[in-house]
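Look at the two complexes coming up: chain A is in both, with chain B in one and chain C in the other.
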Partner chain A sequence: MAVNNELFKGTLQTIILNLLSENEKMYGYEITQKVKSITQGELMLKEGALYPALHKLEAEGLLETTTEVVDNRVRKYYSLSKDGEKEVVNKLQEAKDFIAQLQLLLNLKPAI
Partner chain B sequence: MKLTKEQLARIRSFIQQKGFNYIDVQMEILDHVASSVEERMEADQHLKFEDAISQTHEAFGPDGFTVIQKSVVKGLKKKYSKFFWQNFLSYFGYKYILMVLFLGFVVYKLQMMVSNDNFYTIYIIGMFGIVGILLLYNLKDSIYKKYMSYRSAVSFLTFLGSFLVVTNMAISKSNQTSIFFSLNRSFLIVSVLITLFVIYFITALKTAKAGMRESKQLMDKYKLVV
Partner chain C sequence: MILTNQQHKEIKDYIFDAPKYIETYNEVYDHMVNALEDRDEVYSTALLAKIINDDFGSFNQIKAEEELYQKQINQNQAKHFLNELTDSFKWPGLLANIVNLMLCACIYWSSTRSAFNTKPMMAAIFLCFILVNLYVYTKIWIRKRKHKKYSIFDNALGSLSTFGLFISVFVFYWFISNDSLISVNQHSKVIILLTLYFFCSLYIRSFRKFYNQKIKILIA
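Up next is the complex of A and B:
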């Protein structure tokens, strides 16, 4: 099933922040693969969406980066900053609230 | 499977051929492409290395690697702008404000004490000093020119020229005396401009240094892999 990109876009930052809160540090390719494996291939996180989101979060100070030499190349790891750790809690709550409202609006199932 | 050094060099030259020459941009693209190529070749044992590269490139969509470069540039601009303005404004906080006011006061007094021509001479000498400092830095750090972090961080120094033009105009007009709150208005304007200029210069230099530090860290690691 191809998932609508627009639906994905709005929650991309939340998804990245949440993945990093669970995995401490990740590199770009790893994030795309993680999304793929968690959703069993249903959601494909494209490079064109991932990197702008990562660099924006980094510029905003929510992510920190470190570089390491791995397998003869330089790898850039992303991790949550102190601000990012606080923000992930807010973003998750926001997303949960939104999903509950969406369920009401679309009559999917009653709100919990 | 892990790629060999030669295969990684081949991917690097593929990225360069596509026009991506900044080393920090290249590094991020390279790791992504290499990881993807490794996984594709692992999943399909018959897949040729060159085909795996093309497939990975195609997966980036019609704009190719431009997406990464653009977002790196945008992210760095934002990061260093934030760094610059936070530092610039910090000079007006309680920690430095007295020093800033004192500097403004010294420039004002100096204009009152010496003639307009002499003040201009002092000003020009000061500017030569700044140009000297800049030349020293540029010569020393041209090695970082291939790093986008460096380019982004030094960009604030390029605005110094426009600041100079305004200050120059203000000084050339400062013999017209008009009084503003019992202060000579022209002297006051020149003092404010020069003080702002000095703060701008210090902050721009600080930002450039931060960019150099970031580039140096990357360069040290880059040297290990090429």
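Up next is the complex of A and C:
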């Protein structure tokens, strides 16, 4: 069963930051494909939501960008800035706390 | 799917008018090519439209998102520039400020003993700001000719370079010119001019640093 995308909108920034902490640099399309492969297609990260989130993180100084010419086209890579490296720890902790509270509220048992 | 050169050209033409800035255009184009290469479908213009609608919403949504991105960039660049301005009061930039302040003090001291002609200094300040603007706008024009689109950083860059010139023109017409809107005595004129000179030096040094460290790398 596919997951309702509305449910993970609030954690989009955390997902992006975490993916970039695990990968040195990534481009937009690569991020969508990575999310798709990790979740086995259950979560479809729409580019209409991804790029605004990436641009916001970039403007906030949490991401840095570089460009490379790949197959005759300019590709924009995103990577964590120094501030982003610090922020990813906070964001992950926030997400963990939120999930724990959600489990309590909804009487859910953690998946084993 | 493996795309031919003709198909690459068609994709470029198809999306060309949608994004205003070269950075967005490059990102959308790269995305379109990646999405098409990952599909096992027959290439068609309808497929291009489908990718745009499915992935980005529509061309209008790309434009709306780009506008928001541009505003964020403007705020971010203004913040970086302000940081450069305040950083110039830290070592080693502080040294240049101290030297400039001492120079201002010397000029002021000499102006109390003999008549001081404000015109050469005012002209030099204008020239400095005009040269910065000339450089920035020439760069913007060259980039626009090369890529046929503006960079998303051009707006912030143009505004920041013009702001210095605007301030100097404002100060000149309000306080320093012979027909100034607010009449001030020669003594005060010299102090205002020296303050403007100090600001000009600070502004141009910070702008140069900001341009080399932030803009040059981002637009390269």
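Keep this in mind: the second predicted complex is superposed on the first by the 109 of 112 C-alpha atoms of A that agree within 3 Å, B and C clash if a C-alpha of one lies under 4 Å from a C-alpha of the other, contacts with A are read in each partner's own complex, and residues count from 1 in each chain.
Assume contacts are C-beta pairs under 8 Å (C-beta built on N, C-alpha and C of every residue); 3 or more make two chains touch, one makes a residue touch a chain.
Quick caveat, the model's predicted, so the values are computed rather than measured.
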### Query
Here chain A is shared; do chain B and chain C fit on it together or clash?
clash
#### Entry: Which of chain B and chain C A:69 touches, first, second, both or neither
first
### Task
For A:28, select first, second, both or neither according to whether it touches chain B, chain C, the two together, or no partner.
both
### Task
Indicate the residue numbers of chain A shared between its chain B interface and its chain C interface, in ascending order.
27-29, 33, 46-48, 51-52, 55-56, 58-61, 67, 70-76
### Task
Show which residues of chain C lie in contact with chain A when the two form their complex.
8, 23, 26-27, 29-31, 33-35, 38, 55-57, 61, 65, 68-69, 72-73, 75-76, 218, 220
### Message
Help me check something: in the complex, which residues belonging to chain A touch chain C?
### Response
27-29, 33, 46-48, 51-52, 55-56, 58-61, 65, 67, 70-76
### Summary
Seen from chain A, its contact residues with chain B in the complex are 27-30, 33, 46-48, 51-52, 54-56, 58-61, 67-76
### Task
Write out the stretch or stretches of chain B touching chain A in their complex.
2-3, 5, 8, 27-28, 30-32, 34-36, 39, 59-61, 63, 67-68, 70-72, 74-79, 82, 217-218, 221-222, 224-225
